[in-house]
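Next up, some structures in structure tokens.
Two complexes are shown next, each including chain A; its partner changes from chain B in the first to chain C in the second.
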Partner chain A sequence: MPELFIDGIRYEYEGSPKLLQFILDNGKEVPFFCYHPSMSAPANCRQCYVKVGMPVKDRETGEYELDENGERVIRWFPKMQTSCSLDITDGMVVHTQETSEEVARAQKDTMELILINHPLDCPICDQAGECPLQIQTYKYGPEGSRFEVKKVHKPKRVELGPRVTLDAERCINCTRCVRFTEEISETFQLTIASRGDKNYPITAPGKPFDDPYSVNTVDICPVGALTSTDFRFKARVWEMNQTPSIDITGGKGTNVDLWTRDNLVLRITPRYNAEVNDHWMPDAGREAYQRFNEKRISRPSIKIDGDNQVKTSWNNAIETFAETLEGNKPSDVVVIGSPHASVEENYSVMKFFSTWGVNNFHFAPHIEKGFGDDFLLTDDQAPNTNGVKALGIDESSDLNAAIKSAKVVVILSDELIDRGAIDASSLKGKYTVLLATNESQTSAAADLVIPVTCIAEHAASYVNVDGRVQRSFPAKETKYSNRKLNLEMSEGRLDRHGTYFDNWVTEENKIDCIPAWEVVSKLASRMGLDIAFDNSREIFEEVSSSVPLFKGINYERMDEENGVQLTGNSKEEVTA
Partner chain B sequence: MSDWKSYTPVLIPDIPNLHEINVYVKNGGYESLKKVLSKDWTPESVVNEVKAANIRGRGGAGFNAGLKWSFMPKPDGGPRYLACNGDESEPGTFKDRKIFEYNPHLFIEGALIAAYAMQVTTIYVYIRGEYRSWILMMEKALKDAYEKGFIGKNILGSDFSVEFHVTGGAGAYICGEETSMLESLEGKRGYPRVKPPFPAQKGLWGRPTTINNIETLACVPLVIERGADWFSGVGAPTHPGPVLYGISGHVNRPGVYELPTGMPVLQLIDEVAGGMRNGKKLKGLIPGGSSTPILRGDSLEGVNMDADSLREAGSMMGTAGMIVMDEDTDMVEMLWRIAYFYHHESCGQCTPCREGTGWLEKILLKIKNGEGEIRDLDLLLDLTTQMEGRTICALADAAAWPVRHTINRFRDEFEARCKQSTFALA
Partner chain C sequence: MANQYEFTPEDLQEIEDIKSKFPEVMPATLPTLWVAQRRFGHVEPDVQELVANTLGLPFSHVHGVATFYTQYYKEKKGKYVLDVCTTTSCQLCGGYDMLHYLEKKLGIKKGETTDDGLFSIQSVECLGACGYAPMMQITNDIYVNNLTEEKLDEVIKSLKAGKMPEFESVGMPQHTERS
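Moving on, here comes the complex of A and B:
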């Protein structure tokens, strides 16, 4: 196997990797700015310099020439090389800044030059704390600056588009954003204008940067030049906690991170998953954070005196629910599952009602034709359509007909009236129970509304359009404390739990809701049915042992493999 | 060369209206093309002849043109390109436009021979945008050559076909760098490309491409007509051939002079260019365009205009665009102006050049205004090492060299311009 030596350590490699990527993959570090693993390497920041040499081979025998100590004779490249653009070849010898004074000096020199025209306004810059320029200046930069003349001034606070703001003075011209629009989103909306130290990225005159993936440029910007218009000045990155999750606005199941502070989700950023979304996410998914904070249903509500909906206690809500069911025959009840809810929620609700005797289960896929592209946007507007299908719930094109003869309609977390899957008039004369996360026309029409946790508050799994099951983690707490739920919280969260540095210090933003499976458990206990779900992990294990498509899958595997592809008898079965 | 007056120009011969195709043909034009398209010459033999002639690239780098041609991969049926570099934007350089103006068909013929040698399918000539009139002249010359059947399908009845296009630049010095010229030809922003891959492997639109200077290609028909031995016998043995000296600055008769390489520098200034203006003393000479290191006027004895002699003297041949400066020249002002040029022309792709050129210029401005300090000179020299060899193309080198060498060779003048130290030494 071909070999190379980095800082005196021998490595073997396969294929034809670029040197920088190979160094990073092997847990070593070389500073860089312009390079991005998913895009071309323009080698323009000149930060990833390394010293490279090749062993001298005897022309006739093809053997390596050895010096008097028996070491290979190395012919060094006359200039240092940018490791991002350099192909590894067999026998290559590399010195990084760790073993070469020359390389360390070159990197420091480049850092000094990058910083001379940079405003160094970290205290008021949104990027501070997650800024590669800041981090690398601390690690590899010079102690001070010898720059004593006037800095270049460029446009600031430029509204590039509806979601991205540009500060051209902070820009270090790495061209990542330009390459993103050329190579990834392919809208070609950005280019570099002007020349030399006056240049900066901009759109064509009069054209907005309205790329449906525009905010990804904010994520990849290695400085604070591009900032999210929505998020800027809202929070410092070190004040927030980062929790892995799934995008709920589309069927692609884009992997995301939820950034929370004081039980509010403040922003959503993409999380790398080579199988699903690479490093990217559509802008639409980022706006979903508002759903987790605003217009949440907190405490159950019940309709009294006609259409007057009032808050009520949990006991009363469960009691009313149970009495309503007991006052009707199972055959008079229709249960509507939801592609917007997780596998666990759909399963637990279905399990309860089928045990009680209901056999009328439906759901309506949430499709908007023409919304998708061939990248990360899908016609499917719900994160779990395939998960509901895999559980065997009937897909119904006309829910109005399906509920016509029912006396009680139970709806799981789906804004059916708002999205036109059901007419408000169809619910007239029926008793409607809605398990919901947010206020909507549907919740206003329901007779009993029971608040349930949203994806930011529970651990649950979702199956995307390609039949890949992935799961979420609780990112914020609910009013009601649940040890099992809290155990699923990320490590960083647990470390701070209850301490002075805990970002969940106030009760203000906690929602009074419980997971759907808790609702079902309470109801079962009240009605004397032998169903009790403790936590979603157990529910998924039950799903895995009873539903063939989920066989052999559990949370551990999902965490380890970053989501697991369902394996059915055919692709159609998996993604039907 | 003592009898330089007896030299007969061959690149720009003294023939009236030579730019007209009929005059050119009457004077033996396109005969070399006919010769190589006849049965006796294969593409390989043309390449070998040119390689043997040792035409060293006239664009500045001085690389053997025939050797460069031999880097082209074997034809695979796809398009191959020859890109002729007439961007000529280096301050002090104005030779190629004389070819466009007075002998365009010599260049066209040379490009066609080169195209045949490398089995090229399309030729582009890239002319700097400011040369508007010369672009029009080239367009006229190409149109005439198309009409006479020297360009196009089955040239002169052979099975060799080639297309030939003129493209104008848009005012960027960087587009004279070969790979950013390719970007510009493709209609993109003129950013130099990372090498490897070299243009011979992946050039225009990812296809094999060779880039040659206009003057280099104009030498080619002469090599074919008179033989490699004749060419390599003219001028300096290691850097042979006729060359266009573009002499500007404080001389009595500035202009473009065609003479063999290896001419003594002082002879070029004193005799060819008519001596120093107003009888002033020679203070400095930039031998080959603004990026080549300046030489002190008192160190020019025995220095000849060829690569080896100039390297020994501490400079380079470049484009042979000589800038002559007399004793009244303010070296600080001159260097600031050169730094200003590179600051203005840096494309801004690589950090050391984008930031470094601006920094150099600003410090020099400070010194020029009498606000500099001695330590600024050391900072300037430090910066040149931070820039040199650390960028994709050679513009950072071109910006760093004049600064380093002008300061080193005229340091007293720079120190005199700086503020005196406030800390008196006992």
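Moving on, here comes the complex of A and C:
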């Protein structure tokens, strides 16, 4: 197998990797800015310098020439090489900054040049704390600068588009953002204008940067030049907790991270998953954080006189729910599952009602024709359509007809009236129970509203349009959960090390809600049915042993494999 | 808003010819911008967009290229653009004196255009004619060498009369010696 030597250690390689990527893949480090694994390597930042040489071969014999100590004679390339763009060749010898003073010095000097006109305004810059320029300057940069002349000034606070703000002075012209619009989103909306020390990225004159994937440029900008207009100045990165989750605004199941502080989700960023979304996510998915914070239903509410809802206690809500069911026959009840809710929620609700004797289950896919593209946006507006189908709930094109003869309608987390899947008038004269996360026209129409956890508050799984099941982790606390006790919850630096006074916590940000499976368990115990769910992990195990499509899948596998394709199926089988 | 600029059929033919010289369209950007600048006297944003649409390239790309090169005028300029060199050799030999003389004479500052739309003055970096400093270039074309105030007076006079100065062949010292 071909070999190379990096800092005196021998490595074998396959194929034709680029040197920088190979170094990174082997857990070593070389500083860099412009390189991005998903895009072309223009080698323009010059930060990834390494010293490279090739062993000398005897032309006649093809043997390596050896010196007096029996070591291979190395002919060094006359200049430093940019490792990001260099193809590895057999026998190559590489020195990084770890074993070569010269390389360390070259990197330091490059950094000094990059920083000539950089404003060094880290204290007021959103990128601080997650800034490759800041981090690498600390690790490899110069201690001061010899450039004591006035810095070049460039446009600041430029509204590039509706969601991205540019500070051209911070830009180091790595062209990552430009390459993103050329190679990934293919809208070609950005370019580098002007040249020399005056250049910066910009749109064509008078054109907005309204690329539906525009905020990805904010994520990949290695400095604070591109910032999210929405998130600007909201929080410092080190104050937030980062929790893996799934985008709920579409069917693609884009992997995301939820960033929380004081139990509010402040931003959503893409999480790398080569099988699903690579490093990217659509801008639309980032706005979902508002749903997690605002207009949440907290505490159950009930209609007592006319159309007025009032808040009520959990005991009363469960009691009312039970009495309503007991006052009717199972055949009078219709249960509507939800593509917006997880596999576990749909399963537990369905299990309870079928045990009690109901056999009238429906759900309505949430499709908006023409919304999707051939990238990450889908016509499917819900994260779990395939999950609900896989559980065997009937897909209904006409829910109004499906609920017509029912006396009691139970709806799981779905804004059916708002999205036009049922008419408000169809619920007239029936008793409607809604398990929901957010206030909506649908919740206003329900007789009993029971608040349940949203994806940011529970661990649960979702099956995407391609039949891949992936799961979420709880990111924010509810009134009844606790970051320190729930081992699935992430803890930020402040949670772990802060004093009581560092961790200011606003009680109002904790929603008074419980997971749907807990609602079901309470109801079952009140009604004397032998159904109890402790947590979603157990529910999923039950699903996996009873629903063939989920066979052999569990949370451990989903975590290790970054999501699992439903067993033995291609896309067609699941959607069929 | 419809673009106020349009290429003539001859221009379009020329652009087609340019395109046929390259395996891809992108390299045609530079020569096509020249066609446009020759036609309209500048390549302001609307012209850049026209070039982009004509070539079927992203507007942003054409904008990036146009702003990279100082020889493309990104705004309307005078009929004659006087590029006075103020880099080292010219600077030492009186480049700034020439610039300021012109500014005073035409009543505009560098970067400005006279009201009659005839002249613009720019101070530019080295034009590679250090041997004949101080010097200037007229509208990306003729070099006027070994400037003096008198020579500038003459040049302005002849330009006002619509006459470009003649190309001056300046021999290298070694050539002068030999002859």
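One rule holds in what follows: the second predicted complex is superposed on the first by the 552 of 576 C-alpha atoms of A that agree within 3 Å, B and C clash if a C-alpha of one lies under 4 Å from a C-alpha of the other, contacts with A are read in each partner's own complex, and residues count from 1 in each chain.
Assume a residue touches a chain if its C-beta (ideal position, glycine included) is under 8 Å from a C-beta of that chain, and two chains touch if they have at least 3 such contacts.
Quantities reported herein were computed from a predicted structural model and do not represent experimental measurements.
With the C-alpha superposition on chain A as described, chain C and chain B clash in the combined arrangement.
Applying the stated contact rule after C-alpha superposition, one finds that A:Arg195 touches each of chain B and chain C. If you count the residues of chain A touched by chain B and by chain C, you find the higher number for B.
When the shared chain is aligned, chain B comes close enough to touch A:Met80, but chain C does not.
Clashing C-alpha atoms with chain C after superposition occur in a single stretch of chain B, namely 243-251 (options considered: 225-233, 243-251, 297-305 or 387-395). Residue overlap on chain A between its contacts with chain B in one complex and with chain C in the other: 191-192, 194-195.
By the touch rule above, chain B contacts chain A in their complex via residues 172, 174, 189, 191, 194, 343-352, 354-359, 362-363, 365-366, 379, 386, 389-392. Residues 181, 188-195, 202-207 of chain A touch chain C in their complex. Note for the complex: chain C touches chain A at residues 45, 48-49, 52, 58-64, 67-68. Of all the residues in chain A, the ones that touch chain B in their complex are 41-47, 49, 79-80, 82, 85, 106, 109-110, 112-114, 116-117, 146-147, 149-150, 152, 172-173, 175, 191-192, 194-199.
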